[in-house]
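One structure, pasted below without further comment.
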Amino acid sequence: MSFPNPLARVFRPPPTPGVLAVFGHLDAAVDAVIALKRGGHQGFTVYSPLPRHELEHALDQPVSPVRMFTLIGGIAGCSIGAWVSLYMSYDWPVQVGGKTIGSIPPYVVIMFEMTVLFGALTTLLGIGFNVLLAATHRGTIAYDPRFSNDKFGIFVPVAAAQSGPVETLLKGCGADEVRRA
Amino acid sequence: MTMTPTTAPERTTSRVTYDVVTRTIARTLGNPGRGYYLLLGTAVGLFAFGVICLLYLLRYGLGMAGYSMPTYWAIYITCFVFWVGIAHSGTLISAILFLFRSGWRTAVYRVAEIMTVFAVMTAGLFPLIHIGRQWFFYWLVPYPNERGLWPNFKSPLVWDEFAIGTYFTVSTCFLIMGLIPDIAAVRDVATGWRRKLYTLTAIGWRGTNEQWRHYRPAYLYLAALATPLVLSVHSVVSWDFAMAQVPAWHETLFAPYFVAGAIYSGCAMVITLLVPLRKLFRLEQLVTVHHFENLAKLCLLTGMIVCYAYSIENFVAWYGGPTPERQAFWYRAFGRFWWGGWTMNICNAFLPWLLWFKRVRTNITALFVIAFFVNLGMWMERFVIIAVHLAGEPFAPFVRAGYNATWADWGIMAGSFGWFFMWFLLFVKNFPSVSVAEVKEELPPPRRAAGKHA
Amino acid sequence: MSEGMNRRRFLSVLGVTGGGAAALGACGVGSEPAQKLIPYLIQPEDQVPGTATLFATTCRECPAGCGLHAKTREGRVIKLEGNRESPINHGRLCARGQAALEGVYNPDRVTTPLARTAQGTLEPISWDNALQRLGDHVKEARGKGIAFVTGHEAGVFGELVDEWTRGVGGRHVAYEPFAFEALREGNRLAFGIPAVPWYGIAGASYILSFGADFLDTWLSPVEYQRAFSRAHSFDASRGEAEAMAKFVFVGPRMSLTGMNADEWIPAAPGTEGLLALAMAEVIVRERLGASVDVGPVRDLLGRHTPDAVAGAVGIDAEAIARLAREFAKAGRGIALAGGIPAHYPNGAEIVAAVNILNYVVGAVGKTVQFGPNSSVDMASSFKEMVDLVADMQAGKVALLLVQGANPGHSLSSFMQAWSKVGFKVCFATMLDETASAADLVLPDLHPLEQWNDARPRAGVFALQQPVMQRVWPDARQAGDVLLALAGKSDTFKDYLQSHWRAAHARAGHAKSFDDVWNEALQHGGVYTDAGSQSVRLAPTAGHIMAGAPAAPAFDGNTGDPVLVAFPSAALYDGRGADKPWLQELPDPVSKIAWHAWVEVHPETAHKWGVVDGDYVLLTSPFGAVRAPVSVTPGIRPDVVAVPTGQGHTALGRYAKGRSFNAFDLLSGAANGYGGRTFAVRVAVTRTRDHRFLASSAGDPRDVGPGEEIIRVLPLARAQQLKPGDHPFLQREAPEYAEPALEGWAEEQRKKANLGDYAGPHPRWAMAIDLSSCTGCSACVTACYAENNIATVGEDLFVRHRQMSWMRIERYWRGGEGGEPVRGVVTPMLCQHCEQAPCEPVCPVYAAYHTPDGLNAQVYNRCVGTRYCANNCAYKVRYFNWYNFAEVGGEHEAWPAPLDWQLNPDVTVREKGVMEKCTFCVQRIRGAQHKARLENRVVHDGDITPACAQSCPSEAIVFGDLHNETSRVAQLAADPRGYHVLQELNTKSGITYLARVVHGEEA
Amino acid sequence: MTDWSRRAAAGIAFVLLLAIPAAAQTGQPAAAVKAPVVSDTGSLGGPRQPIFFRHDIHAGEYKIPCQYCHFSVAIASEPGIPSVQTCFGCHLMVGGSTPAHEAEIQKVRDAWSNETPPAWVRVHTLPAFVHFPHMRHIKALGANACTTCHGNVREMPQVRQVSTLTMGWCVSCHVQKQVTRDCSVCHY
């Protein structure tokens, strides 16, 4: 699935050199993360088959901006719902059952549904956008299929020259294997 | 309403490791054997028959169905409400229980969600089928047109359209969200065309800390949005009836009554689907009796609410109701369609009492049977509320008349079951029907020093 | 139109379903506008395209001879309405009269001459050939016996036939299955005058009917119903005593007429005469009546005291005495004898006895006048027909001509003798039983295409003119053919005119004949008053009812129930059976359409173990039929009743092969007074079979008495009501809350008055007086005719899928615990609610509220969710389950040329859309256009919906509620007024005025 | 002066004579236009009619008011299609000035003598569920308002549909003129 297009940079960024460590044990991976941070390493990537709070604590990353997307989407949806129902009622006024032309109570349903709809869609938008953004910063990095199964992994972007100390550090934390990529 | 301590799975599935989980679930994507294809064939056959009936309906008109004055709504709307109801447990289990952090959901929520999406898909067809000029269904959608006409937002049917549309979209998003990490997991163990498929559908998931960082809150927000949605959708559906002045429809009780009923039937359907699926895909290790018991408890709770709703509406009709209201409920119990009324009472209000007993809750065969009858009963409940109370027509006694369904009714209803199971079976065969990542969350992570908790 | 149809057909053949239909749906399937425009060669000066032209003519559906206005558009007659100037029907018209339209356009009409071939089939031949054959047969049949059978002909055509038959030495029999021999004979017995007098029901203060169904079929139903409602509808302004006449009905079965009675006396069959005599006896004995010479009947009355007859009649003497006193005290009473009793073996005596009652009470000369006699006595007696049949049997008839009659259906012996006749010729519009067996069939013109005249009663000369080009150019009027046979060159029109010219000369008019003629054409005839003649009892009156008072002996073995065959209100003797409107018109009493039934009393049904729809085998000495049971309280337990009119073996697609023919059970022999007996004892055996009755009513077990629909006031209570009273007004909210609620409602209204709704508008509304409405159902057919309502056929009717916008609801009340049985009726149609429940639920605004207060249904916007119908508490919305306009479709409602009757002002609805009463919005818009062109406002009375227009009892009033001076506004304020299901706060636009009944706490 | 042109002239005079009362009733018709000589009828818009009736000659050049032929447009919902008699009334004398015209006019005369009216192809069609009362629109917009919907027929050798006649088109005019938009005015 290689399609030449301007977005290629986004979808398949240039490869980044570095060191990839595979951990069979969660606590080993956690220790490695802590050690790396202490060693002043930035922008290393941690693979895990499932979200683990231990890792999150160790990494303690900033809060995801996705929630802003959700919030804005929700508000937008609500107002669109209100506008649609009210505008369309007054655009061609038609009396039914002696009710007022634009009556709010029934339209609350519309507003609510639109809130949820837009909220959900913008949330998806948010996650996609952010993940993609992160990927472009990171570039293409090494990966191991086992990371989606039962292994944890850490990739540290370093030039081949300075990779030695990193490898020893990772080994020291108990990586099952460490290889250069 | 946390059903069980989160350590429970560790107790019940102690020998299960991450690897076992991945392998077990990956195996479900292999050849499931003749039984599966038999089921699939039946489903497709039913669907085809339904399509033929539908073509007749379109060509000759709704007269092919059994409608007759004053029963203007019948089987099709019954099926609509039935399927929407089925669709409810899915999002309930995946969203509400997620917010409640009840761990047992992880093993079953995927099946529930798949069921949800396809059930809504099925339900959505019926309003289109049952209208007189099906080819103009899009007039209900507010799109700018040359005539300058808009739909009537005061009509519960338009609310319905919005509610169902939203629910379908959101529950689909929810399903896909949950699927992505799992597809990635099976991608990495799959081969051949499946690998290609999963590579494509996993849209580059690798479980990096960045991805998880955005994924988890997003999932949470979706759950937060989906939770009121679940409660709203069937409320809106119930208002299709409650907003009308037909006696036995015009009840403030309807929204909670219908939501409870929906979850009730939904859970029953989950059990109905999970029991054979568990056998078919040999998921005994992941989906245990413990999960069924919790589903049963959910059934019990909602069943009790339904039971309460029945008794209250009858009581109110007797106690405060104006004559037509009383007439309507008398007609339900002793009128021409008494059998319908009693079927729903027995299956929905009396049967769940069995679930008070742990021996029943933990007996899968018993659960399967009860679930089946609950499904039957819930279908009948909708039929009674819709067709029977219309036939009973308390306001205009002169037109009170019977109702006889025709082959077109049954054919299209059968078709809807075929349609649902066709998609369901195809999906569970080709995508992880149990969440890989989340089941793992319930397992003790591998540690160097076993037993030492981080 | 045809083009569109063909395309649609093609598409559906291609199997294009939704999509194809969509394309067509969008352009109004059913009546697509013509794609070719064919102009006139010469523009008829009396026609403006898009505007209706009225022609005055005369109705020939029954002997009453009502005046018609035929409404034509672009040269096609599209609706029949009453002629306001006619002294018979005063602009009103019954269902049968309106359905004459479907006689002209019937798809099964005879279009060319047909001749019997050697193989015995009927094959088309040319007119020359046909006339040739006919001429030859007339020649050779001279002297060997020639007979001409027509229907009742009270006009010039009858005279022509007489003349012709005289010329060829034949005889003319005017055959009516329901002739009135008994009336003629009864009057001869009583007064020595064999005539049918004029009955002034309108002026009566006490109406006593001995079986005379003057609201269903008797003599002149429309005239009598109008008169009846004048006398019997409640009108406080007439003062205490006169407010409302009392109506007592005596008869074995509660007919439509009986249903409207304040008191129903189910006397034993055949004892009505005894009852009448006993009442007369009381009146004479107590000197309550007029001072008249009762010499001739003194000892007759002496023999018939209440005590003497009570046993035979089956009601106690006190009741008889009470009736007699009421009757006499009422002052202007009238007693009528007819219907079934007049067809008993002793029918003539019953009529005579009732005449005596009239005489002693002093009604004769007042409410009963001889002079303006009805012309029904111009029909031959049944005896003449029987004699003819005998001659046919004996081979004494070489040539038989039949026109306008169908003895083949009503008289089986006639068809048995048929084969003995040398040559049989039928002038026919339809291939009925008689015509389809003829040797030569000549396509006749339908009365609406004919020149002719009629004399409904002395002094009334009604003209009949063609109201449109003949539908089938190859058809010829029987009159023309006869004249041609006689070798005359002139047409029947000339013949007619010559007669009128002669009459004109005799009368010695001031005006020239042409003026008179043209005026007659305009006004539908010449209307004069015939003076009344005074009569006195004839000696023969004393000799009736010899022997001990007892019921007459009926054929069949004693002990069996007596079966009475009554003329169906819709199909009459069967001549209406070929008209879908009449077939689909629910019988006013049984509410059954499309098939015949046998009425059984609940007790009897229980005894026999039968329920609605069970088939029973009815065996009389003369024949047997299988009939589905309809259980009804309105009949004596020892009597069963069947309607005539069904069971045709021919007469086109709508009539053929429907249930059974009641005539098969009846004797073919003439009785004492030369009439036919319509009562016979039958053996009843239950069969295994069952069917669902095609009834517009729901399941009787569920229907109930309909108290919340029809309100009834006892007379005393109604008279106490003052203007401003509202006995039926229900308060949902307490007094003190009213202002608040009103304010809130006002606020709502303000908020809703945007766009078209701003400013003053009319509020169209209707008032229906249930004390006038008899349930005759003329309005139902009027609605079908005006609004292009599809007839759905028997199968769909059984499934309650009929689309009758206007339905007549009939509820039974009483019956249990000895309390009297009463049938109450009300028209039920869209109430055009101000706060209509059906509107807000429509997702596409197809059901919405117009500025002028109509509850509109936009067919082309409707997607057919049917939510509106669910939410309508009155259940007056109807759904198009199929495409009833599909040419060649299974459910096609208007097979050509029946589609010519469609009203071009009303959309033909497509499958899958909801439809309902529109208050005849097309007429409202028409009136508004007219007013606008004349730069004026619409006046009260400019708009009359079809139902109101046809209503013979003038029970329906339509108008603008916002105009205080309008009649409807005044009626809406009437104390008797109420809204159905008012508690739902729908603010319905129809005000019903409660029915009022004599005595009874109601 | 040829025999034909004389007859044509006589015809014109006759037509105008007839037109005067109608003209009086409809107000002053629009300025005269010279109808073009149509050589290639294939290029004209609108459907081909059985007789090549030239509105541009009759209504345009000779200023015959619309209502002379469409006689009921001001009093009825239908505009009225002229009967063959109406055509023949003039074409009894008017025989046409060119061979082409003669040929077409001959068709009219044949139609009259054979009593076979021409089957005009319908140009403006509304679905059956729409009721369009012509007289109300003439009343409101005046006798020369035909062009509002039908375009300037006076300049059309062959009539073609110029307006969409869709609901939106009707409604836009109703909105602009601030007259009713109520559905049941047209749909019943």
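Order of writing sets the labels: A, B, C and D. Residues in every chain begin at 1.
Here is the rule we go by: a residue touches a chain if its C-beta (ideal position, glycine included) is under 8 Å from a C-beta of that chain, and two chains touch if they have at least 3 such contacts.
Everything numeric here is computed off the predicted structure, so don't read it as measured data.
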Legend entry - Which of A-C and C-D has more C-beta pairs touching across its chains: C-D
Legend entry - Cα-centroid distance, chain A relative to chain C, in whole angstrom: 81
Legend entry - For chain A paired with chain D, centre-to-centre distance based on mean C-alpha positions, whole Å: 71
Inset, instruction - Please work out the Cα centroid separation of chain C and chain D, and write it as a whole number of Å. - result: 48
Legend entry - Euclidean distance of C-alpha centroids - chain A vs chain B, Å: 30
Inset, instruction - Give the residues of chain D that touch two or more other chains, as numbers and ranges in rising order. - result: 181
Legend entry - For chain A, residues that touch 2 or more chains besides their own: 92, 94, 96-97, 99
Legend entry - Residue numbers of chain C (touch at least two other chains): 755-756, 837, 840, 842, 845, 848, 861
Inset, instruction - For this assembly, give the contact graph shape among line, ring, star, complete and other. - result: other
Inset, instruction - Within their complex, state which residues of chain D touch chain B. - result: 166-168, 171
Inset, instruction - State the interface residues of chain A toward chain B in the complex, per the touch definition above. - result: 1, 11, 24-28, 30, 45-52, 54-56, 59, 61, 63-64, 66-67, 70, 74, 84-85, 88-89, 91-92, 94, 96-97, 99, 103, 106-107, 109-110, 112-114, 116-117, 119-121, 123-124, 126-127, 130-131, 134-135, 138, 143, 145-150, 174
Inset, instruction - Would you mind writing out the residues of chain D in touch with chain C in their complex? - result: 71-72, 75-86, 112, 115, 117-122, 125-131, 133-136, 139, 180-185, 187-188
Inset, instruction - Could you please specify the touching residues of chain C with respect to chain D in the complex? - result: 26-28, 30-43, 48-51, 755-756, 845, 848, 850-851, 854, 856, 858-861, 905-908, 918, 921-922, 925, 929, 932-933
Legend entry - chain A - residues contacting chain C, complex: 90, 92-101
